[in-house]
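Next come two complexes, and both contain subunit A; in the first it sits with subunit B, in the second with subunit C.
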Partner chain A sequence: METLEQIKAQIEAAVPGARLEIIPNDSPSAQRSLLVAAENGLAVAKFLRDDPELHLDYCSNATGVDWPEAELTEKIKVKKVVDGVEKEAEEVKKTVRPAYLEAVYHLYSMAKKHGPIILRLRTENRVEKNHLPSLTPVWRSCEFQEREIFDLYGIVFDGHPDLRRILMWDGFKDFPMRRDYVAPDDYEYEPTPHDDVLEKAKQHRAQEVKS
Partner chain B sequence: MSAIAEPTPKNFELLPKDGDGELLEVAMGPHHPSTHGVFRMDVVLDGERVVKLKPVFGYLHRNHEKIAEGTSYLGSMPYTDRLDYFCSLTNNWAYALAVEKLAGLQVPERAEYIRVITAELTRLQNHACLIGFLVQDMGASGTPLMYAFREREKILDLFESLTGARMMCNYMRFGGCRCDLPDGWLAQAQKVVDEFPKFIDEFENFLSSNEILMARTQGVGVLPRELAINAGITGPMLRAAGINYDLRKVDNYGIYGRFQFRVPLGDHGDVFDRYMIRVLEMRESVKILQQALPKIPTGPIIDPKTKLRGFRPKAGEAYGRIEAPKGELGFYLISDGGPNPYRYRVRPPSLINLTVLEDMCLGQMIADVVIILGSVDIVLGEVDR
Partner chain C sequence: MDEGLKNELQKQGVFTTTLEDIYNWGRKNSVWPLQFGLACCAIEMIATSMARYDLARFGAEVFRPSPRQADLMIVAGTVTKKMAPQVVRLYNQMPEPKYVIAMGACAISGGPFKQGYNVLKGIDRYIPVDVHIPGCPPRPEALLHAFMTLQQKIADQQLTGVNRPRHLQVDAPSEFTVPKFGEHDLEPSSNPAVWQAPALVR
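After this line comes the complex of A and B, so read on.
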C-alpha cells in the first residue's frame, strides 16, 4: 500500500480544496492518522472507498475522543546571546490547545487486505458547534458506532439516518464519556423512566399499610 | 454542563401509522429467553411477517470504557474478561496485543504458543455452545445444548487448572502470560483435543443432515455479500456470506503464520451456512491445536523485566485487533504518557454484527427472528459494555 503522504496527495488531487493534515504518532505502533476538515469528510470518505487502488471498503472502528481545553508545555531549545557568547538555552513554550471533540475512523480493505488508514474529524468546539458529517451513508458499519459517539460524547452527525441515544436511556441529559462529566453521587436520583412507576408503587404501599 | 447545546434526536417512529390497522407492535425481550439476557427488539408484525425491527440496547451498560480510563493499564485486564464472558481469554489477548503495540513489547515464544492454544480452545467451546444455543432456539430443547456443555466442561477444567478460574481467567499480561503451564497440563489438553473430533462427528450426525434443521435454516436470514462488507460484519457471519477475511490469515498476529489451516467459506449466507461454518471452524481449530501442542518450546513466558505495575507507555495511540470467536475484537488506546489510558475503546464484534439484524429479518416469520438472532452469536456483556 502507498504511504500516508502519497494517499494524502491522491486525496488532494481527487477532492479539490480538501484540507488534510498528517497527525504524527511517536509510539512504537507508528499508526499515523489523517486529519480531515469536517466539510470535506464525506467526499474524502467516498473517495477512499471507491478508489480502485485503495478500495477501503470496510470501516472497522469508529469512535470519539474528547479533548478539553488544555495548556500544553513544550520544551524548545533557543539560541541566546548571553554576555556576547552564544549559548543554547531551554525555554518552556506554552500553548493553549482549544477544546474540540474528535471522531476517529479505522479503515481497512477486505478486498485488498490492507490497512489501517485512520481518519480523524474534529468539531469546532465542544459546546454548540459539535456537528460532523455522518459517514454512515458510506459505511453502514458506522450506524451504531456513530449513535454511540452521539450518545456518549455528544457529537451530532449530520446525515445519519437514525441518530438517537443507544446505550443511555432517552431522557438522559449530559454525555458520560466526556472528561468533565461528573457522575451523580447516587444513581437512584437520576430521572429514570421508572420514576412515575416508583411513585405509583409508593402510593400503593401507603394504601396497603392503611388497610 | 448546562452550556452544552441540546441535540435534538428524532425519536424513531415505531408505531404504525393510521390506515394499516393490521400491524402489531411486539417488544421481544428483554426477558425473552432467546435474547441471551437483556436485549430487546421492537418488532412490527404484519400477521406473522416482520415489517420493521429495531434493536434496543443498553440494559447491561456500565460504561466499561469510562471505568477503564479511570484505572491503570493492568487494572483493566480483569475487566476485559467481563466483555464477552464466554471467551475471556481472547478478550485478554486483544487487549494485551493493543498495549503491546502501543508500548512496543515483545512476547516470548512459549507465551505465543500458550496464547494460540488457549485462544483456539476458547473458539472450540464458544462455537460448540453457540450451536447448542442455536438448536435450542429452534426448539430442540436441552439435549444438543447439554452435549455442547459436556465438551465445554472439559475445556473449562483446563482453563481452571491453568488460570485458577473457569470463566474470568485474567490470564494474559502485556508481553506474555501470568503463569506457566502446570505439570501434566499439555497431556491433559492433548487428550481433550484428541477426543474433540469425535464430538464434532457425533454432533454433525445428529444435526447437519437433520431434516427439521435444514427446513428451518436454509434460505432464512440471507445476508448479501456487499451488505456484509459495508456493514462491517466480521467473524463466522462474514465468512458464511462467502468473504475470505480471517484476521488470523490477514494480520498473522501472534504466530498464526506458522500453522496450516484453512478458512471455511459459505455460499448462501443463510442461517444454515452460519451453522456449518462454525462446525468447520471447530475442525480447523482442532488442526491448529494438533500442530501447536507438540511443538510448544520451553523458556520464559514473560520478560521478567517488564514493569506491569506503574506501567506508563509513551504518548501515542494504537489499534490492535484479533479474530475473536465472534468476530474482529479490537482495542483502541490513546496514551498521554500517564498511568491510565487517555482513551480506551473496545470495538465490539457482537454490537456491530447486529447492524444488519433488521435487514436479515425483514419479510421473515417471527419464529425465524429467534434463529436469525441466534446465528449472529451475541453476548450482551460485549454489546452493551
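After this line comes the complex of A and C, so read on.
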C-alpha cells in the first residue's frame, strides 16, 4: 500500500477542495492518521472505498474521542536584543485549544489485504456544533458503532439511517464517555478504595463526620 | 414431639412427622428455577443443570420459561441499569413463595463493572435476595452449594409465628417497585424497603 502522504495526494486530486491533514503519532506504534474536514468526510470515504487501488471495503472500528479544552504550551526560540547584543532566548507560548469531539474510523481492505487507514473527523465544538457526516451509507458496519458514539459521546451523525441511543435508554440525558461526565453518586463502602473511588470515599467520610 | 419418643416409635415401625416438616420437605425438593440468564454466569448455570453437575438431583431440573411457573430466580450475570426494571418485573410476576439467588460478582455488587455508568451495583438494591454467591463466574459447585443453602433455608421456615415466611403473611409485600428510567439514573436508585447502604462502624 502507498504511504499516507501518497494517499493524501490521491484524495486531494480526486476530491477537489478536500482539506486533509496527517496527524503524527509519537507512541511506539507510530500509527499516523488522516484528519478529514467534516464537509468532505463522505466524499473522501466514498473515494477510499471505490478507488480500485485502495479498495478499503471494510470499516472494522469506529470510535469516539472527547478532547476537552486544553492549554497547550510550546517553547519557541525568539531573538532578543539585550543591551545592544542579540541573544537567543526561549519563550513559552501558550495557546488554548478549543474543545471538540472526534470520530475515528479504522479502514481495511478485505480484497487487497491491506490496512489500516485511520480517518479522523472533528466537530467544531462539544455543545451545539456537534454534527458529523455519517459514514454508514459507505460502510454498513458503521451503523451500530456510530449509534454507540452518538450514545456515549453525543456526536450527531447526519445521514445515519437510525440514530438512536444503543446502550443507554432513550430518556437518558448525559454522555457517559465524555470526560466531564459525573456519574450518579451511588457510592457504597469498599474495603480497598483507590484512585477516583478513594476520592469519593474521602468525600463521603467528610460528610459522615459533619452529620 | 419429643426426639427420644420419635426414635423409640421409629424402632417400632411407626414414623411420625409434623405438617411443617412434610410441607417444607415437599417445597424444598421441587424448586423450579426461572429460565433466564444475563451474562457469562448463565453458562455456568446451564452447566450446573446438565449431566455432569446435575441440578436435577435436587429437584430443580425443570427450568421454567415463564415466571408464572417458577419458584426461584437465579440472577446469573451482570444486571445493567437498562435491564434492571425487567428483572424486577419478572420477579414481581412470579407467584409466592419465591426465592432469589444472586449468582456471581456482578449480580451481588456490580463486580468488575462497579465503577461503570450502566451497571447496577447489586440486584439486592431492588429485590430481596436469599443467597449471594461470590465468584467470577462461580463454579457449578458454588451454585449447588447456594442451592443447598436455599433448601436448608426453606426447610427451616416456620409456618406459624412472627417469623413465618413472607408468603404466609397477609400484609407482606410480594411485589416490589419497578425502577423507572430517569434522566441521569434509575429512579429510585434503590428500594429503601429492601436495601440500605451498609452503615459503617469505625
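By our rule, the second predicted complex is superposed on the first by the 171 of 211 C-alpha atoms of A that agree within 3 Å, B and C clash if a C-alpha of one lies under 4 Å from a C-alpha of the other, contacts with A are read in each partner's own complex, and residues count from 1 in each chain.
One rule holds for everything that comes next: a contact is a pair of C-beta atoms (placed from the backbone, for glycine too) under 8 Å apart; a residue touches a chain by one contact, two chains touch by 3 or more.
Every value quoted in this text rests on a predicted model; they were computed, and no experiment measured them.
In the superposition on chain A, contact is made by A:Y58 with subunit B only, not with subunit C.
Touch criterion met: A:D174 reaches subunit B and subunit C at once. In the superposed pair of complexes, A:D26 makes contact with subunit B only, with no contact to subunit C. Subunit A is touched at more residues by one of its partners, and among subunit B and subunit C that partner is B. Look at A:P184: by the touch rule set out above, it reaches subunit C but stays clear of subunit B.
By the touch criterion defined above, A:V197 lies against subunit C but remains apart from subunit B after alignment on the C-alpha atoms of chain A. Contacts of A:K113 after superposition on the shared chain: subunit B is touched, whereas subunit C is not.
Of the two partner chains, subunit B is the only one touched by A:R126; subunit C is not. In the superposition on chain A, the residues of subunit A touched by subunit B in one structure and by subunit C in the other are 167-170, 173-174, 176, 181. The part of subunit A that touches subunit B in the complex is made up of residues 25-29, 31, 33, 57-61, 63, 65, 104, 106, 110, 113, 116, 118, 126-128, 130, 139-145, 150, 152, 154, 156, 162-170, 173-177, 180-181. Put simply, subunit C touches subunit A in their complex at residues 81-82, 115, 117-118, 121, 181-185, 189-190, 197-198, 200. Within the complex formed with subunit C, the residues of subunit A that make contact are 167-174, 176, 181, 183-184, 186, 188-189, 196-197, 208.
The part of subunit B that touches subunit A in the complex is made up of residues 1, 3-5, 7, 9-12, 57-58, 61, 63, 65-66, 101-104, 227, 229-234, 243, 245, 250, 313-319, 321, 328, 330, 332, 334-335, 343, 345, 347, 351-352, 354-356, 384-385.
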